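Have a look at these structures, which come just after this line.
Common to both upcoming complexes is chain A, partnered first by chain B, then by chain C.
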Partner chain A sequence: MALAAFVAGWLTGGGGIDLAWAPTWDLRLAFELDGLAALYGILAAGIGVLVFVYASAYVPRHLAHQGRPRREEARLHAAMVLFLISMLGLTTAQDLILLFVFWDLTAVASWLLIGFDRHDREARLSALMALMVTAVSAVLMLVGILMLRVEYATTQLPELFAVARQSTTVTVAVALIVVAALAKSAQVPFHFWLPRAMAAPTPVSAYLHSAAMVAAGVFLLSRIHPLIALDGALLDALVVVGFASMAVGGVLALAADGLKRLLAYSTISQYGYVVTMLGVGGTAGAAAACFYVLAHALAKSALFMTAGAVTEATGATALSGLGGLGRRMPLLAAASGAAVAAIAALPLTIGFFKDELFFKAALEHGSLTAALAVAGAALTFAYMARFWSGIFLGSPRDAPQPIERRLVWPVALLALAAVGGGIVVAPFAALAQDAAAVTSGAAVKLEAAYHLDARSENLMALAAYALGAFVLVVRGVLSKPLAIVEWVGTHFGPERAYSASLRGLNRLSNQLHDIEVRDLRTRVAAVIVPGAALVAVGVVLTPTEGAYRVGQIVAADTPLVAALAVCALAAVAVTAPRNHLALALMLSAVGFALATAYSLLGAPDVALVAVLIETIFALLFVGVFALLPADVLRREARLRPHRSRQVRDAGIAIVSGVVTTLVVWAAFSRPVPSAGMAERHLTLAEDAHGKDVVTVILADFRGLDTLVEITVVGVAMIGVTALLASRRRV
Partner chain B sequence: MNLAFAVVVGALFGSGVYLLLKPDLFRVVAGLVLVSNAANLTLMASGLTRGQAPVQPTQPGAAVADPLVQAMTLTALVIGFAVTALLLGLSVGVYRARHSVDLDEISRQQAADAVLREGREAPHDEEHELREAHEEAIAYDEATR
Partner chain C sequence: MTSVLTQLVARSLLAPALVVAAGILVKGYSDVGDGFAAAIVAALGILLQFLAFGRAQVAAVLPIRRAPLVALCGLGLAVTVFAVPLAVGAAPLEHWPPAAQSPVHVGSLELITAVAFDVGVFLLVLGSAVAIIDALAATAEDEA
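Let's turn to the complex of A and B:
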């Protein structure tokens, strides 16, 4: 349904929704179905449909293998739907904050999906890793977004594109967003989460790790490309990261044995192409990038589904356990062959054009880029050929189990699309062209056609095939160095840094926990000391001019000052007595002195309530003391704390008292002028048919507050009754 | 007058913190009472006007006290009362469970209990588990290569 809506929307030229979301922050629910949204939306929804069909056959088998109940299937489907919805929201969002919300939703959904096998710790850790890498980097993105907002007072993308100019702030902000995008697309050095995420069930990999989750990263780069293009350094950085990912992904794919691992490394490398082309920029780069995403997503999800089907049929998960399946599963072999050909960019598939556009953009950028592009394409050719021949060629092994047709024909449909795109490229090119126009912010003319002449793109493609075939032939010699590269990557690569930082954080949290929860006192200190330190920093940093005003004391204030003095003295005196009864009485003295002060401040209601409460307090304390055996209290009273501890406690108390004094004093010194505020309340109270303004405020203006307050008191009283009534000894 | 209010609030808060740090549960409760008293006084003193009670009929010409802070203080007072009553009830509960109102003594008891329990089950160590998981993951990589 969503697919139909997106296709129809694209054909009719798109449309948008713009609703107020949080008007005070100028946030709008702005969605727009433009070319870019159409491309990624159609991919996400279209491949999503096929993946759902595939999953309906795959997941019951998967659950049966693990002896889990069928009903868990619903959980997977629910998470997939959540993912699809957030992906569609992400592609159409026109507000950066809204985009961020959907961005994080995709991360959460992918966490649920990767960790679907929740009994398996490997799956849980992989899911956590994917979540940490993408969600922590998303925080950087949020910082970047907020920096843009502070700079230009808007997060609406069209407005930003119109007003943004190159400056250091903008460059830093956009760089932060780019980092998040690269982490999502599993680019170097964040690539390590993707191979791990292969712990997910195959339909999830086919969906998230070909057409959706990792595509979201390059989608974001396309979406904010006009902002990236403001600074040439960012574009160059993208080219470097892209080529690094192509190299790392390609080499590791050549070395990998596990089917899905190979495909994961291949995805890293393929999105490296896209990032490179976005870095190349301009209309050629944008066109190549958008077309590349389209062609790659079709073929790669077909290959993931192939891997799943092969594993279901034979039980083998790695190339070393497979071979000779071509004769047994001809349809699957042909379909995945087409998909492999598409990724390896053979003619008569949609993939040929992706490389043609890629080479064209690279040539425009420079000869070094072009040379590296050929090398990357050669690597792709080599590992793709290895993947297909490893499964379907060679000597046959045991006969495969029969599998459902629903595990095969989604692959066939995607392969059909890939081959169809190689023959009639126009609809695909039109989709990518519209997307590229949004990316580059200018009209794009995307030309994809076969040219039977010796133009450079064709020569580069031929060179890539030849080089790829050569790499494949000498792979046997390369296997040792490849293994070393992989070992170094695992042991010293960014994954190591990830787990080290995770362990370090865990240790730090444990230590803090140990300090904090030793007993009540350390907990109180753990809250008060850092809080007081922060406040003290604030006090020190605040300009002092006019911040502290002593205020005048007139003759009429004398009783008030006297009451306050009694209160302060009594407060200090509470700390002195050892006897509990004396403690309670001193506490009441503080309370009654305060009540007097309230009454002198023109607050009879407050004073009345304070007197009542203080009376009840005194009775309550005495009553509770009466409940306990006298010797317990006496023992407690006789206890003499250690001298050093007493000094430390007194020090903390004095420091916090002084800081509080300063802060409160500063606050009192800056009243907001408000002529006639009290009089306004008086008039309002009259309108509410009340004479006592305080009563009217409590019972009328803030009636709901008072109701909740009464509830709190009621609940507390029930708690007290239960505590005192229970004679049960635990 | 500002300074006078601030000093009294500081004295209330400082004494409250001092009592909060004591091991005696009842002193902790008393400390909380003092801290909430400090908060109440701050609220009251932050009224923008001072003068006669805001009750009709008022004397014309004289200033009227800010009624808003009074309403807030009333709410705070009542909630503070409920919380303190609950805390006192909890203190009695603690005494019934542990036969002591001394936090140091209770922590010692708990530590002793923990030592007894540890004899029966191994301590839970998350860091150790994480490291093990990482090593397992590397081993898994090497096995599937």
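Let's turn to the complex of A and C:
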């Protein structure tokens, strides 16, 4: 449905929604279905449909393998729908804050999806890693967005494009957003989360790691491209990161043995292409990038599904356990062959044009870029050929199990699209052209066609094939060094920095906790003593004239005086008992007497809360004493503190008592004329139909605060019950 | 365990506690108290039952297992009151009726969306408190 809406929306020229969200912050729910949104939205929704079909056959098998109930399937579907919705929101959002919200929603949904096998520790850790890398970098993005907002007082993208000029602030802000985008697209040096994320069930990988999650990063780069293009250094940085990712991903894909791992490395390298082209910029770069994303997503999701189908049929998850499936599964072999050809950029597939546009953009940028582009394409050719031949060619192994046709025909459909795009490229080119126009901020003419002449793009393609074939041939010699490279990469690469920083943070948190708990008394004193000292200094320095007036006590004050006298008596009495329970009851007597005084002073709301708090604390004390062993309490009660400590405690008590009395006396002697805000609240409470101004403040004037506070209460409930429940299970 | 007297006091205090809580809640907008205070009164009444009768008996009488659900409903209600004005183009948490319009009365009760918000607060705090009491009671029983 969403797919139909997006296609229809694109064909009719798009449209937009613009709603006020939080007007006081000038935030608007601004969505617009422009060319870029159409491209990524159609990809996310279209591939999403096929993935759902595929998952309906795959997930029951997956659950059955692990002996889990069928109903867990609903959890996966819910998370996928959440992902799809946030992805569609992301692609159409026109406000950076809104974009950030959807960005984080995709991260949360992907965390749920990658960690779907929650009994598996590896899957949980991988999900957490994906979440950490993408969500922590998203915080950088938020910082960047807020910097832009401070600079230009808007987060609306069209307005930003109109007013933004090159400056250091803008460059830093945009760079922060770019970092988040690169982390999401698994570019070097944040690439390590993607191979780990292959712990997800295969349909999830086919979706998130081809058309959606990873694509969100380059989508963001495209979306804010006019801002990036303000500074040439940022563009150059993109080119460097893109080529680095192409190289790292390509080499590791040549080395990898696991099917999905190989595909993950290939995704890193393929998005490296896109990042490079966005760095090249201009109309040629934008066109090439948008077309590339389209072609790659079609083919790559087909390949992920192929990997899943092959694993389901044979049980093998790595190339070393596979071979010769071509005769047994001809349809799958042909379909995935087409997809492989598309990524390897062979003619008669949509992939040929992606490389043609890529080479064209690279040539415009410079000869070094062009040479590196050919090298990258050669690597792609080599590892793609290795992937396909490793599964389908060679000597046959055991006969595969029969699998559902729904595991095969989504692959076939995608392959059909890839081949169809190689013959009739016009609709795909139109889609990419509209997206590129948004990216580059200018009209783009995207020309994709076969030219049977010796132009440089064709020569570069031929060179890439030849070089790729050569790499494939000599790979046998290279396998040892490649394996070493992969080992070094996983053990000493950025992943190590990630786990080291996680461990460090955990240690830091433990240390802080230890300090807090061990020296609680000192910590509390460290806050209270300087504060009290400051107040005392204030009392000493205040002119005494009129500060300490003695008022009159009239007959009407009798109850108040009585309440305060009880309070004072109880406060003195607290020092006497040695029994814990008596001590606690004395303390609550002080509190209740004070609450009575509040109610007499005309503060019934405060009195009510005070009574409730006192009741809670009295019950808490009693409860804690009931849980503590009786003999411990008795022993503690008999202990007499050291003589010097008794003197010290008495001294502290007297000094603080005197100072507090002086402060309160001085405050009461000079009643402050009632503050403007309180008056205002009283008048406004009438308007809000309330007579109890405290409640009106809580529910109306400061209702947002209340909402946040009760959310905290709810979270605390979840935390407490979860902690207690986990302790009971152990 | 606890004496008959404690149990008698606890049992006879439950209904008054709940009634007082309801009273504080609905009259909160024109009189002392609010959703939070009402929830604490109700939760204290229920806590008394736990102390006097133990977890199993309370669970047989009161639907304490549903406490987390109650809390979530409360949060949902508060968020609804927060979000609905957005849909009609007003600021979030803008209450109805507006200042110029007088509210609808049912008896002496005034229907204001702010009261609905307060009911959300009540449900959330009550649900959370009872859920935490229940979890603590379960832990204490296990250790005993």
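The criterion applied here is as follows: the second predicted complex is superposed on the first by the 518 of 730 C-alpha atoms of A that agree within 3 Å, B and C clash if a C-alpha of one lies under 4 Å from a C-alpha of the other, contacts with A are read in each partner's own complex, and residues count from 1 in each chain.
The rule is simple: a residue touches a chain if its C-beta (ideal position, glycine included) is under 8 Å from a C-beta of that chain, and two chains touch if they have at least 3 such contacts.
Because the structure is a prediction, the values reported are computed rather than measured.
Engineer: Please work out whether A:R261 is in contact with chain B alone, chain C alone, both, or neither, and reply first, second, both or neither.
Structural biologist: first
Engineer: For A:L627, using the defined touch cut-off, is the partner it touches chain B, chain C, both, or neither? Pick first, second, both or neither.
Structural biologist: It touches chain B and chain C both.
Engineer: Just chain B (first), just chain C (second), both, or neither: which does A:P604 touch?
Structural biologist: Both partners.
Engineer: Under the stated touch criterion, which partner chain does A:T711 make contact with: chain B (first), chain C (second), both, or neither?
Structural biologist: After superposition on chain A, A:T711 lies in contact with chain C alone.
Engineer: Does chain A have more residues touched by chain B or by chain C?
Structural biologist: After superposition, B is the partner touching more of chain A.
Engineer: So, A:V720: does it touch chain B (first), chain C (second), both, or neither?
Structural biologist: In the superposed model, A:V720 contacts both chain B and chain C.
Engineer: Once the shared chain is lined up, is A:L639 touching chain B (first), chain C (second), both, or neither of them?
Structural biologist: In the superposed model, A:L639 contacts chain B only, not chain C.
Engineer: Could you look at A:H689 and tell me whether it touches chain B, chain C, both or neither (first, second, both, neither)?
Structural biologist: After superposing on A, A:H689 lies in contact with chain C but is clear of chain B.
Engineer: Kindly classify A:V53 by the partners it touches after superposition: chain B alone (first), chain C alone (second), both, or neither?
Structural biologist: neither
Engineer: Is A:V539 touching anything from chain B or chain C once the two structures are fitted on A? First, second, both or neither.
Structural biologist: A:V539 contacts neither chain B nor chain C.
Engineer: List the residues of chain A that touch chain B in one complex and chain C in the other.
Structural biologist: Of chain A, residues 604-605, 609, 616, 627, 691-692, 694, 698, 706, 713, 716-717, 720, 724 contact chain B in one complex and chain C in the other.
Engineer: Which residues of chain C touch chain A in the complex?
Structural biologist: 24, 28-37, 40-41, 44, 47, 51, 68, 71-72, 74-75, 78-79, 82, 86, 89, 91-93, 95, 97, 99, 102-103, 110, 112, 114-115, 117-118, 120-121, 124-125, 127-128, 131-132, 134-136, 138-140, 142
Engineer: Quick check: in the complex, which residue numbers of chain B touch chain A?
Structural biologist: 1-24, 26-28, 30, 33-34, 37-38, 40-42, 44-58, 63-68, 70-71, 73-75, 77-79, 81-86, 88-93, 95-97, 99-104, 106-107, 126-127, 130-131, 133-134, 136-138, 140-141, 144-145
Engineer: Could you pull out which chain A residues touch chain C in their complex?
Structural biologist: My answer: residues 19-24, 604-605, 608-609, 612, 615-616, 619, 623, 627, 687-692, 694-696, 698-700, 703-704, 706-707, 710-711, 713-714, 716-718, 720-721, 724-725, 727-728.
Engineer: In the complex formed with chain B, which residues of chain A make contact?
Structural biologist: 121-122, 125, 196, 255-258, 261, 317-318, 483, 486, 490-491, 499, 502-503, 506-507, 510, 518-521, 524-525, 528, 548-553, 557, 561, 564-565, 567-568, 571-572, 574-575, 580, 583-584, 587, 590-591, 594, 597-598, 601-606, 609-610, 613, 616-617, 620-621, 624-625, 627-628, 632-633, 636, 639, 641, 649-650, 652-654, 656-658, 660-662, 664-665, 667-669, 671-672, 674, 677-679, 681-682, 685-686, 691-694, 697-698, 702, 705-706, 709, 712-713, 716-717, 719-720, 723-724, 726, 729-730
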